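What follows is a pair of complexes built around chain A, which joins chain B in one and chain C in the other.
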Partner chain A sequence: MCATKVLFSRCFAVSKLNTPILSYIQQNSMSVYPNYYIEPIYRKETQQELVKTGEISKYSHIPTKATLNGQTCSDSYDPVIALFTNYVMRQGLKALAREQMDKCFENIKRLQLEKYHKCTTEEEKLKIELDPKKVFHEAINNSKPLLQLTGVKRGGVRYQVPMPITDRRSEFIAMNWLVDAGKEKDRKVRFAMQLARELVDASNNTGKVVKRKQDLHRQCEANKAFAHYRWS
Partner chain B sequence: MIRKINLLLEPLKYLKIQQNFEARLISTTVNLFNESTAERPATSVANIKSKNTLNKAMKSYLERAQQHDEFMKTEKHQFEIGKRHLANMMGENPETFTQDDIDNAIEYLFPSGLYDKRARPLMKPPEEVFPQRKAAEFDETGRPYHFLFYTGRPNLYQVLHDTVEKINELNNFEDTMIRKNLQPDPNLALELSGSQWLDKNTLEQKLVEPVSDGEYSNFLKAMDRLCSLPYSHKAKDFIMEYRKPLMSNSEAFDVIKPQIGPDGRQFVTTYECRRKRAIGNVTIRFPGTGKISINGQDINYFKGIQQREQLLFPLIFTNMQRKVDIEAEVQDGGESGQAGAIRYGIAWGLRSFIDQEYIENMRLAGLLTPDFRIRERKKPGQKGARKKFTWKKR
Partner chain C sequence: MRLFPPLAFIKRSRAVPQEPVPYKYSVPLKLKQGVSNKGGKISEVCCIHEMSVMFSCLKDNEFQQQLCHKEVESFQKCYTSFLTDKNQRSEREMKGLLTPGEKRMTSKQLNVLLKKYPNLE
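== the complex of A and B ==
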């Protein structure tokens, strides 16, 4: 027994010395997936588009990451709404955030229907959008800023310099403003109701959020003279 | 090209040479001592000359080779003895004890919880454990065989040299094609999306040479240059030698064969579906009507809508909602973990009842990848996994 132990220890010592036997695994910082794993294409429509363009053969030999918890291929799923729900969410209470969003859409529908039935002429009725999802997308589109002010320190003075922003960033700002506007309310009014009103207003290019966007644009216009600090 | 010293024949050959050489050396020295005072005969001079023909580099190489050979011999011997002991300990026949048996025995006798598999105890034949060595790169007069010997890394520079040769060849070919007014065929274009370049360690093992970071990046640049040429598909064999597939063969999905249940329906069970801390077994019965039972309850087992969506995701994706019955037993973990575990189980089991095309679509949708991500532990001296305590200097 002792002899075998000695033998084993010898073999182990040997194994420590040498170069790795197992093939080298490509590490991707702290991620569990190696860096060549692609994001999953979980929407049926996107996959069909890829089939049409013939691009799908590119992905046939590349492994994919697992789909996330919140992503599905169901018809009711909308990636933008899912993103907005995540911005509404506080402290990881996703179920609550979803509930609020559902109520908000219901409220939008009610508000629009109310307006619709108050209309007297056919023309006015046609102008009112009854699909809450379309209202939502329109509201976000309308509240997206084009520019942003960033502090730049030159000669000890901090200048507010207008900078162009990416689409993703402007979308984030618009959504954040909308959530903020939903929270700015009377104690007796519910968040879902206030958010619905703000969304309807923004979809009509009026309301707090659109005003905030226009203010920012005005500020950027005023600080046009500092724009060169962006590169000099 | 690369001759390996571990081959049985070559070391013996060298040994023979060396033995002869030693014998000659001894004889010459004896001769010298004996006849130092007397006239030197012509034969001894000839012997000295033949001694001089053996280069110093060759001499030291032969010594090293012999040392290595002896070392390997003893290692092999000890490995054989160890193997027999191990077989006896496990109560099996030492003659038929294979490497798999050794691995199992080691795992049984030295259970190790170490995370990295390379750090766990192992017992492998010495040929696998010790890195391979290069054979002599020069002849007995010290003249190198390889024209790139003095670069220090002949094999690596040979590859780079070949690459440049291929590039020139392809450029010439392109010129002739342009003269003929011909375009490269887009259908033949080199498809590299499913593979990647060998990483540095593998390249080092392949070339039996150390490769520095700079040299490795040079290698990548040269190879990328070759691949970017319009007619690179003509050098496909050469390029593919230095690439490895992204998906290993073990990852190829073998579809489980459905069994026949007592009610005459087909069924497939996926065991140990995991997500976060949850673990469960999922059985799919075909044909069915879309019944779902989770721990004896229906889909209302999950309170959240997101969890129910997750459960139905693979079914909706493959249009099998009303065609199969699902039975799942799941424990531990939270709601979303359990839902994720069942989702994986359903997707994995559904492969037995759908077309190959759908399986590929499911793979692309990330349904067939097990989600191994788990909560990162909290670290001492920090507030959370990454977050630090607030700290002010003063």
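== the complex of A and C ==
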């Protein structure tokens, strides 16, 4: 016991000596990069903005992390779609997830075109959005919840308390709901097809996911009396 | 047991306290140069009014969110401003920086203030 104590004290003595090296290891222990590395700026638009404002000189000598595999400056890259692909992915099968997403966008296009050609008048045709990416963004926007219910224990009773959430969190919930809705299907229907249907529905403010959001809002409204119980 | 005979005649009585009675200090009678670091957590309940306004609007419109655009926006704006405010405040508190004219101070900030302007000895 005494020996271990001595050993520990020696270790601490060493760590105190080498603080600049060890401090970042302790701070972000799982990261490859030290904490002073900044996130890469890989979009051309943001780079051009930085050039315009003259802030680019600030970044010129700061060590920067390498970009991730999926992050590109390509025109077809969309950060929201990339994030959604990651939520669709299971067991690290990124190629499969990307393939499913591509198929899903194709299905959205087909569904929308089918509707478009069935329309008889010009006015109805104008209402239909044919760009699958726009449909996707609209769907996510429409399925974002405003609040969240969390359990708070007060006096031995667990209350469901409505809490405001950040934009990032609500986006995560919306995407998770959409993926869940895509999985809730008949065995013969493919995931890409079901997801496409759900996205189209959500973009029109109808369907399973929007209903789920409204149900959550209803529940929050019913529990609004407990709103002052929340602590975070 | 008999006492030593000559001492038996001395009357023993209670010790009479002298005036004025000297006061015994258990702690020094002056304020400390700091406050303890416990408590002082600010309530994080926010945007209750905005929330209730939004709920009433949503209830009127059968939870169609697009019809309550204004209320929803004000609610979200309130929450984001609350969060940024909180972050800024906690950052300042961590550093022990003082905001001039602030009425609610944390123990850390109070200690900084007391160190700058200590109580009279």
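Note that the second predicted complex is superposed on the first by the 201 of 232 C-alpha atoms of A that agree within 3 Å, B and C clash if a C-alpha of one lies under 4 Å from a C-alpha of the other, contacts with A are read in each partner's own complex, and residues count from 1 in each chain.
The rule we apply is simple: a residue touches a chain if its C-beta (ideal position, glycine included) is under 8 Å from a C-beta of that chain, and two chains touch if they have at least 3 such contacts.
Everything numeric here is computed off the predicted structure, so don't read it as measured data.
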First, second, both or neither for A:166, with chain B first and chain C second: second
Partner contacting more residues of chain A (chain B vs chain C): B
Contacts of A:217 with chain B and chain C, given as first, second, both or neither: second
Partner chain(s) touched by A:42 [first = chain B, second = chain C, both, neither]: first
First (chain B), second (chain C), both or neither touched by A:95: first
Partner chain in contact with A:70 - chain B first, chain C second, else both or neither: first
Residues of chain A touching chain B in the complex: 1, 3-4, 7-8, 10-12, 14-15, 18-24, 26, 30, 32, 36, 39-42, 44, 47, 56-67, 69-70, 72-74, 77, 94-95, 98
In the complex, chain A residues that touch chain C: 142, 146-147, 162, 164, 166-167, 205, 213-214, 217-218, 220-221, 224, 227-228, 230-232
Residues on chain B engaged by chain A in the complex (per definition of touch): 75, 78-79, 81-82, 85-86, 89, 106, 110, 117-118, 121-124, 126, 128-131, 191, 193-196, 199-202, 204-205, 245-247, 251, 303-306, 309-310, 312-313, 316-317, 336, 339-340, 344, 360-361, 363-367, 369-373, 376
Touch list for chain C against partner chain A, complex: 43-48, 51-52, 54-55, 58-59, 63-66, 72, 75-76, 79-80, 83
